[in-house]
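You will see two complexes here that share chain A, one where it goes with chain B and one where it goes with chain C.
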Partner chain A sequence: MEFALDLSANKYADVPYEEKERLFKEMKSDERWPHVLYGCYECGICVASCPSARFYDFSPRIIAQAAAREDVDLLYTLMNDSVWDCSQCFSCDRCPRGNSPGQIITVMREVAVRNGLQSAKEALEGYGRIIYKIMSTGTQVSPDMLQPNAFPDWGGHVNEISEHLEVWRKALPPETLHTTETGWKVDEKTLIELYLIWHMTGVMDMIEQIDEGLYMILVDVMEERLEDAGYDVTFD
Partner chain B sequence: MVERVNNCVIPKDLYYKVEDNTWVKLNDDGTVTVGMTDIAQSLAGPILHAKTKKIGMYRKRGKPIATVESGKWVGPIKAPVSGEIAEINAELENDPQLLNKSPYRKGWVVKLKPDNLDEELKDLVTGDEAVAKYREKIEAEGLQCTHLEGTDSYEE
Partner chain C sequence: MIHLPILKAADRKWETDPSQAPTHDLKDEIFQLEKEGEWIVQRVPEPYFEVKTKYGRIKKIPLEKTWHHKSCGQCGHIPGYSTSIFWLNRQFGLDYHDPTNQTSCTAWNYYASATSNPEAQAAVAIRNFASAYKTGYFPLIHCGTSFGHYKEVRHALVHQPELRRKVKKIMDRLGLPFVIPEEIVHYSEWVYAMRDRIAERQVVDMSHIVATVHPACHYHKLIEEDAIYSEEIYGAQRTAIVTGTLQALGVQVKDYSTWFDCCGFGFRHILVSRDFSRSFAVQRKIEVMKEEANPDVVVTHDTGCVTTLDQSQFAAKAHGKKVGVPVMSDSQMAALAMGAHPYKVLQLHWHNTNNKPFLEKLGIDWKKKWDEFEAECEKIRRGEKAYLTWEDADA
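Right, the complex of A and B next:
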């Protein structure tokens, strides 16, 4: 397996420069861009503080410099092969120049997702169920995700927890936590508002670009609930 | 008549939509039974929730007839042919792991009343052709099927 980051110019030579430039312009037009990118002294504080840089072939400094130089080719490579290694901890915000490589990466990831880049699809593949949960129920991590096969690193006691999950949850004092499929009990009105927000803000269009199967089942869930609540809304 | 490729069971009497990992069985009463394949259940892992769509709902080919959730995966089971949902497997709600343990028998998902079967059947594969297609896919993607305790044996 090859883990090294290939920053050579010919890595994505088959992608037309115009396409890379179009994506760069989309990044640059983001209103956050000028507030998170000022310039770079090459001090290396961001790299020194970055946990991902310690474990991967990843550097927040390369991101900030490529963005400051407006190196369209390099930014395209980084958007495909590097930005997904960031853990979004924003330790790099300690930059004395005021850059935020983490925020630059946030913008780059959003552009990658909006445009359905293959790298975005691969990076998000493992998060399908979490996206489904948060978008359909408003809670992100559900107790029934505690399964030995899903999280073997949580240790042997996960087995026991998953087998008697309902009992464990009932042992929690607040009644709103007596749930297994969602993190807590979510009010119907909250769900309707949430679905309307997804609908109005175009989030569903983004999901459609990334995971067609996930899009389908979310549309089904949302349209049904919205219809029951008296809203005439379709996502297609 | 069952073939095995990399431990994946492929009954030869069913029709398959290979890319969606679904199967279709033609019934005498004109309905078709639909389910997910052994490969699908292996990829998903132990299934926690299976929610089928409602009886009477018309589903175009490719639209979801059920939503399946495992520990870290969620996705649709897509209708391999168009039709109205005539019957659902209510057992799946209480015991979703029937999908893992008996994907071709007790873990069937819905029965459809197809309305364009002759035409749509042409896009499905069966028999040796199905085995060959799956062999190609299994080898290309390096798939290996895994079975939970209590899985059907398929011994004749």
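Right, the complex of A and C next:
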């Protein structure tokens, strides 16, 4: 029987151990690491409550074990081939050891993104439009995303919504909801503050690692708006 | 050998006792940090309700003067969800603020793509809290994920001085105060606290309705001790949220074996790996509910859960799966019970699964209601009115 998740270190044998160790050290030095990993009983309680474990060849126990044993090779494999299957539901927070396997995964994903791992780029393929929306408009989901080609498996009703979008948005009593490109009306000043947060926290560097095209579009949009508001800010 | 008293099951009383809590009360540290000048704590405005959380601690839920931290998924794709929350506030004549100086919590993106970091996430949260503080209104969080995420952020800020220092620096640069609310309150907690008042004004009988409840993961699994529990609901062994509200409305809430399972949303999955979301929502939730409880409606209290459980049923139907149960939020159910218009207020045309049989079972003439809504849309199309107003919604 062949398993989807190949846990033999051989798959990434060509990646130098030092590189794998460097990435592990980055995980371990994260301020959250000691708060989300205390060891592992290998009890499997996390797996029993994990939705992703039911549908993928995926196990939060294996991830917690690898992290607790500091198995650098295995963690590298999991960081590439497993962590993106997690649903981030945090059902595994019921771990009797006090771990949060879901948050161990969050940290591993961040390291993967910061280092521009190919597997992270692939996992986020098709996701760029969402990142663009949230980072540039301040609301993650907008009514105009409801297009039939984006949600074909949701049926004809998406078509109906997109056809009537303008009118149906106006037929909403709360005044803030008459928008189509954002979830609600967001102030200009609010956006400026959000862009300054992205600027000050290095988030844009992460985007650059993962999707250079998206990074350039975002930089254009943000720098222009910031300049109009009187800020001399560049993202380089 | 230690001899422990043997308790018979019948003698056991399930009472939550804060002195036995396995965690310490974060509020002590929150106020201590305020004393040390680290931040400002925004107090819950009076009058407030007092409810019990998992370990029997008291949580304050504001009645009014609430600052509505909207949800992008609700406002964008199922806007009757948030409209119903506002409608309920208006029906009770409560003072609230619907801000435009608010961003998403950005946690959906964070949990989906990891293209952010704790510092940015905390700064986004505190920026929103500062915006609320300046208006004098208290944050009421519409989204379950925002609620859970903000609790995680608060927890991290309390325990990580370095993170506090970084966020303080950002707030100083933005010229904003570093504010943390005394309580992080989810709107469904407000609905729960208001349940008896809502029931007093109920005009639609729901006693013949069977519902199943899906408690949102990010409500009761993230910082689990801060979720509402009640000895009267499942002996305080499971969160009382939504179930307590529905029972007050006379709805028969039926249990099912996969209640603890998530909905299948998955953050990145619902957008780019929807086969997982669809399969999980149908096979682990809707089909199990159908088989074990055969509900008229599924009621939940979070953005992603309503979306996933509702939208996933379309494709499953084509495969002959046991689906076809309408899904809505507790705010929509509460509004419906109080006589809200199913299209002008609940905006059910944004939902996917057929809800007309459910409306018929409640004695609501959906055809007439739809015609009323369509007539309003026609006026907008013809330019006779710019928008549907709150007055129109109740006309």
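Criterion: the second predicted complex is superposed on the first by the 233 of 236 C-alpha atoms of A that agree within 3 Å, B and C clash if a C-alpha of one lies under 4 Å from a C-alpha of the other, contacts with A are read in each partner's own complex, and residues count from 1 in each chain.
In the analysis below, a residue touches a chain if its C-beta (ideal position, glycine included) is under 8 Å from a C-beta of that chain, and two chains touch if they have at least 3 such contacts.
Being a predicted model, the structure only gives us computed values, none of them experimental.
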Simultaneous placement of chain C and chain B on chain A, clash or fit: fit
Greater residue coverage of chain A in the superposed arrangement, chain B or chain C: C
Following superposition on chain A: angle at chain A, chain B versus chain C, Cα, nearest 10°: 120
Contacts of A:Y132 with chain B and chain C, given as first, second, both or neither: first
Touched partner set for A:K185, first chain B, second chain C, both or neither: second
Touching partner for A:F55 - first (chain B), second (chain C), both, neither: second
Partner chain(s) touched by A:R69 [first = chain B, second = chain C, both, neither]: neither
Touched partner set for A:K25, first chain B, second chain C, both or neither: neither
Touched partner set for A:I161, first chain B, second chain C, both or neither: second
First (chain B), second (chain C), both or neither touched by A:M145: both
Lowest C-alpha to C-alpha distance for chain C against chain B (Å): 8
Touching both chain B and chain C, residues of chain A: 126, 145, 151
Complex contacts: residues of chain C adjacent to chain A: 70-77, 79, 82-83, 86-87, 98-104, 106, 108-120, 123-124, 127, 131, 148, 156, 159-160, 162-163, 169-170, 173-174, 176, 217-218, 221-222, 224, 260-262, 264-269, 271-272, 274, 276, 278-280, 284, 311, 314-315, 344-345, 347, 349-350, 352, 373, 376-377, 380-381, 386-390, 392-393
Sites on chain A touched by chain C in the complex: 31-32, 35, 49, 51-52, 54-56, 84, 87-91, 93-94, 106, 109-110, 112-113, 120, 123-127, 130-131, 134-135, 138-143, 145-146, 151, 153-155, 157, 160-161, 164, 167-178, 182-187, 189-191, 193-194, 196-198, 200-203, 206-207, 210
Residue ranges of chain B touching chain A (in the complex, touch as defined): 45-46, 48-49, 53, 63-64, 67, 69-76, 78
Touching residues on chain A, where the partner in the complex is chain B: 126, 128-129, 132-133, 144-145, 147, 149-151, 181, 213-214, 216-217, 220-221
